[in-house]
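Following this line, the structures themselves.
Each of the next two complexes has chain A plus one other chain: chain B in the first, chain C in the second.
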Partner chain A sequence: MIYTDMVCPFCGCLCDDVVIETEGDRVVRVDNACTLGTHKLMTTRKDRLKGPIMRDGAGGWRDASYEEAIEYAAGVLLDADRPLLYGWSSTQGEAQGLGVSMAELLGGVIDSTTSVCHGPSILAIQEVGHPGCTLGQVKNRADVIVYWGCNPTEAHPRHMSRYTTYADGFFLQNSFRERKLIVVDIRKTETASIADEFVQIKPGGDYAVFSALRAIVRGRGAVVPPTVAGVTKEQLEKIAEICKSAKFGAFFFGVGLTMAPGRYKNVRNAIELVDELNRHTKWTLTPLRGHYNVYGSNEVFTWMTGYPYAVDFSRQIAFYNPGETTSVDILARKECDACLIVASDPGAHFPRKCLEHLASIPTVLIDPAQTVTTPLCRCQIPTAVTGIDASGTAYRMDGVPIHMKAFLDLGYPTDTEIVGRIFEKVKEVRHP
Partner chain B sequence: MRFLFNTGRTVAQGIGLDRKSGTEYAGATSRCMMNPVDMMDLDVESGDHLVVRGPAGEVVLSVVPAEGTPRGMVFVPLGPYANHVLGGETHGTGMPDFKTQTVEIEPTEREVPTVTELMEEIGGVAYEQGARP
Partner chain C sequence: MNELLVKNAYVIDPINRINGEVMDIAIRDGRIVEDVGPKATVIDAGGCLTLPGGVDSHTHVCGTKVNFGRYMSPEDMRAGRVARRGVKHATSGYSVPTTYANSYRYAVMGYTTLLEGAMAPLEARHTHEEFSATPLQDMMANTLFDGNWGIMNAIRDGDQERVTEIVGWTLSAVKGFGIKLTNPGGTEAWGFGKNITCIKDEVPNFGVTPIEIILAMIRACETLRLPHSVHLHCNNLGNPGNYACTVGTFNQVPDLNEKRQTLYATHVQFHSYGGSDWKTFCSKAEPVAYTVNNRPQIVIDMGQVMFGKTTTMTADGPMEFNLYRLHHDKWSNHDVELETGSGIIPVYYRRKNLVNSVMWAIGLELALLVKNPWQCMLTTDNPNGAPFVKYPEIIALLMSKKYRDAEFATVHPETGSRVVLPALDRELDWNEIAVMTRAGQAKALGITGIGKGHLGLGAEADIAIYPIRVGEVDPAQEYRKVIDAFSRTKYTIKRGRPVTRDGEVLVHGENTTIWVDPKMGPGHDISQDTEFVKMFDRYYSVRMSNYPVQDEYLKRSLRMETEAVF
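Up next, the complex of A and B:
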């Protein structure tokens, strides 16, 4: 069977032009997707758990039925005083919605992987707004592209060919030649090597460079010293000129800004630079979101609770205070007494200090495959993968919801079904 | 020697993302990219092992020369190895020090642990799918 116009369930680009060929329940060929997407689609059956597993109480593991595992998960959540429901970035919007409802009923905390990737970007956006646009606008109009603190060649391999440097644009004659590419980073990445202009900043210097650029764009270049964080004033002036003379500029940034010293203040300064540039021409800004539906978690959480991540229901109302109600802080303070992890792998992405606590409390993992988190949990429930054997909604990094289609049936329940069944058990005890 | 500890995504790490128990993933995330001049100072060659000490503990990585990495900084792909030395401080933002930690690095003869060994050290219990009855 050949399936066309399939959506790749890997990164926030959500490429929707993928062609997948199957023989029986095996994927034999993938066209159009990048290495990352192809790899995920081709190896989807590997490492999948056959069924739920639980600790056997004697230092090992045993098989369990779905019913038993769901019962256990609900029990753990109901027994907890401060349950943490974490993850939600590689699953469907439908499951995210149920997760929020369940967190509310439990009086728990629900947080997505946002808190360790673009959480600071959201904090900045909450302060000064988001001058965003869809990627279609960028593809068809943008003649200056900035990638700041990110490495799309490695992390979003088709971003440049679908939306920027290598993409044809409706309003550009010769897109490849007409589009200028500016890359700013603390190390010379692969993306940097193809840039028209590469700006290498000393680690921690982003904030100062944004401020210098803002001053220059505003006509106050006189206050800028000869070098700022390792960047010469000459180069800054050149960059400012390129940005000002753009017809349509698109600014993309990655976790290089959100994780650097200054965190959300860097992003705030970036947005204010874009604001400044908009007094001369049209500029937009988009965070490069990692997991394919991490943006969806922000959308779903926001329209249900008013807050995009780190939502704490312990006060019976939605409360949000990143730095306090974010997962890393809750785990590092050893505050939660049970954890439900859905479709994410903190074992690979959280600091050791947090994992030590995770391993010491009853943790239930809902994830299709064996991951680094598996050894840390007490029970794992495998589910179908959205975009492969489950259909559902995901949001692209520019906020466009896309329907993910399924093309296989491997007999696994969906995340929505499992979260829904746990929620049903919770409701039997704690009535809404 | 002290280094700024920078972590981030790479294609090789990304490929391993959905199959994290594989040795590919361990290989991709246990690399420590370092400026060749710093490598000379430490007297190590490509593939030699380093012990990295951070606030939460230490981990053994293998060194890879990388011209693009400035002196005084090491780059380690996002993953369980990099995180094995990190503490839980977020400076009130929810975001740990993924790119802003300073670490102490020295050459070692010790072996690079497997991902499972790392998790067991933290209190996890290894699971083997094949070994099921």
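Up next, the complex of A and C:
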């Protein structure tokens, strides 16, 4: 069978032009997707658990039924004083919504992987706003592209061909030649190697460079010293001029900015630079989101609770205070006494201290395959992969909602189904 | 069979010409019927004011831009926190509340049907997802066409049929309800940081003018026989002297529909400004109202401003940037490829600010100067002029000259020289308020036929019982009682089921989404047109096959099929 216009469940680009060919329940060919997407789609059956697993009491694992695992997960959550429901970035919006309702009834904390990637971007946006647009707007109009603290060639491989440098646009005759590409990073990445201007900043210097650029754009270049974080004033002036003379500029940034020293202040300064440039011409800014539906978790959490991540229901109201109610902080303080992890891999990303605590409490993982998080858990429930054997909603990095389609049936329940069944068990005990 | 009997109701039902009759209302399976059996559940209205469920024909409660307003405003979320309780979810937010908060607060005020004022087609799925999380109201979405490339190209080529086909296909694909134009042409110009000043300016790169867009869309709307008219946010919002553009636009609108208006102009307060700059800023509500009074084909809503903190959000991206440059708080913008734009900033309307005081007066002037209440709806363009929870105060201001005078005494002292409000003695009556908050809105939206906005036999049993006895209160004097009554119903009944009682939410609820599906007949399917498909393939960032909203996004769906007459 050949399926066209399929949506890739890898990164926040959510490419929706993928062609997939199957023979029986095997994927034999993938067209249009990047290496990362192709790999995910081609190897989807590899490493998947056959069914739920639970600890056997002797340090090993035993097989369990879905019913038993769901019962266990519900019991763990009901028994907890401060349950944490973490992850939610590589799953369908429908499951995210159920997760929020369950966290609310349990009086728990719900948080997404946002808190360890673009959480600082959101804090900055909450201070100064976000001048953005959909990616098609960039594709059709942008003649200057900036990638700052990110490497789309390797992390979002089709970003440049679908939306920026290599994409054909309505208002450009020869898109590739007419667009200027500026890359700012601490090292010369693959992306930087094709830039018209590569600006190499000393690690930790982003904030200062933004401030210098803002000063120059405002006509206060006199205050800028000869070099700023390793960048010459001459180059900064050149960059500022390119930005000001753009017809439409698009600024993209990644965790190289959000997780570098200065964190959300870096992003705030970036937004304020874009804001300043809008007084001269048109500029927009877009965070390069990682997991395909991490932005969906922010959207769903927001319309349901008012906050995009790190929502604490322990006082029955929705309470939000990143730094306090974010997963890493809760784990580091050894505060939570049970954890449900859905569709993410904190084992690969969280600090050791947090993982030690995760391993010491009853932790349940809902994930299709064995991951680095598996050894830290007491129970894992495999589910279908959205975009492969489950359909559902995801939000692209620019907020465009996409319907993910299934093309295989491997017999696994969806995340929505499993979270829903756990929630049903919870409701039997804790009536709304 | 589910039966309910509302006894001793003091009914005002303008569509059925009932103005203050004490009667019983029988309900079976969600509809109003002649009578019910002896086993029906009985609610005693005790002679209290009973109206059809409220209808808001222009509000921003669901979708990409509204959610971005929440996302960027934790301070607003903290301002409206209520704990989870019983069937009620925890709620957050004051001016941009969570979907549940919107739904509960509207229900407590007796509102059962809402029109989301602006949905970008590309992001329609998001709006529908939030509709599903707005359980106590039936929802509709105005669909944005102000900067639609396919439509602007067709207008430039003089191909009206194609305009109609694109509108029909899009509404059907995104499950939209009506045609919304927000600063037509201006949102496209904003794609390169420019704007449009009025209806005769040419849209850059497209060779059409806003008035051409407006008139072509009016013709498309009538050809498709849509229930609602074109819904227009005029060009040049918020600028001194913009009333001339507003009046100029109104004067171009033909009268093409016997059942309803041909143009619904929204939040007209923001479009009725005189003066040539902020120093000379003044009210021009009189010429605008005069135009409306002489043109029955126009219906407007107030877009009333109330003092306090709120969040402004609109598809009018360039306007929001200009406003940001005045307020300097924080600014979000979101342009949508080939279609439209949007912007959001928080604002604080202050009594001590002359411009804000004049704005406050203009909204009230419009409502008092438009003679026919069926031509002026009560709105705040929620949350732009104020959050909808301010409606009861606006009702009281319109019903009481004494209240207006008391408030007027607290605004900027120079306001009197810029407005006519103090000279207006008109006090609206209960029937007029019922028109402006439900009957007129339902008629303007074209949904009386599906049983909205009235209490006749067969109507949807959406009913609001307010804890006030009309004969015992003089609204002109006792305006506080009016505010209290409209703030919290005794009962709100949705589809025959009590959903709130004395401010308490009783059920989780389940909304219905009302959308329009125009049938255009063979030869009019634009999705088979090679040029249209090519435009999609080349310039959209999603595939055409992934664009339409699937049925599964509508939990309960009410499809209004229309038959286009080309």
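Methods note: the second predicted complex is superposed on the first by the 432 of 432 C-alpha atoms of A that agree within 3 Å, B and C clash if a C-alpha of one lies under 4 Å from a C-alpha of the other, contacts with A are read in each partner's own complex, and residues count from 1 in each chain.
Following the convention adopted for this analysis, a contact is a pair of C-beta atoms (placed from the backbone, for glycine too) under 8 Å apart; a residue touches a chain by one contact, two chains touch by 3 or more.
In this text, all values refer to a predicted model and were calculated from it rather than measured experimentally.
Q: Of the partners chain B and chain C, which touch A:Ile186 in the superposed model: first, second, both, neither?
A: After superposing on A, A:Ile186 lies in contact with chain B but is clear of chain C.
Q: Between chain B (first) and chain C (second), which does A:Tyr207 come into contact with in this model arrangement: first, second, both, or neither?
A: It touches nothing on chain B or chain C.
Q: State whether A:Tyr412 touches chain B only (first), chain C only (second), both chains, or neither.
A: In the superposition, A:Tyr412 touches no partner, neither chain B nor chain C.
Q: Counting only touches as set out at the top, which of chain B and chain C does A:His403 meet: first, second, both, neither?
A: second
Q: Just chain B (first), just chain C (second), both, or neither: which does A:Gly132 touch?
A: Touch status of A:Gly132: second partner only.
Q: With the two structures laid over each other on chain A, which partner does A:Thr374 touch: chain B (first), chain C (second), both, or neither?
A: Only chain B; A:Thr374 stays clear of chain C.
Q: Based on the superposed arrangement, let me know which partner A:Thr35 touches: chain B (first), chain C (second), both, or neither?
A: The first partner, chain B, only.
Q: After lining up the shared chain so the two structures overlap, which partner does A:Phe253 touch, if you call chain B first and chain C second: first, second, both or neither?
A: Once the two structures are laid over each other on A, A:Phe253 reaches no partner at all.
Q: Could you please specify the touching residues of chain B with respect to chain A in the complex?
A: Listed in rising order, the residues are 4, 6, 8-11, 14-15, 17-22, 29, 55-57, 66-70, 73, 75, 78-80, 83-100, 115-116, 119-120, 122-127, 129, 132.
Q: In the complex of these two chains, what residues of chain C are touching chain A?
A: Interface residues on chain C, with respect to chain A: 62, 64, 67-68, 70-74, 77, 81-87, 89-93, 97-100, 122-123, 125-126, 129-130, 133, 190-193, 205, 321, 324, 330-338, 341, 344-345, 538-543, 545-546, 550.
Q: Can you name the residues of chain A that touch chain C in the complex?
A: Within the complex, chain A touches chain C at residues 4-5, 7, 16-17, 93, 97, 101, 104-105, 122, 125-137, 139-141, 162-163, 168-171, 247-248, 275, 278, 281-282, 284, 298-300, 302-308, 313, 315-318, 320, 393, 395, 399-403, 432.
Q: Enumerate the contact residues on chain A facing chain B in the complex.
A: Interface residues on the chain A side: 10, 35-36, 39-40, 43-44, 46-47, 49-50, 53, 55, 59-61, 63, 115-116, 119-120, 123, 151, 153-155, 157, 186-189, 192, 200, 202-204, 255-256, 258-261, 263-264, 290, 310, 322-324, 326-329, 331-333, 345, 347-356, 359-360, 369-372, 374-376.
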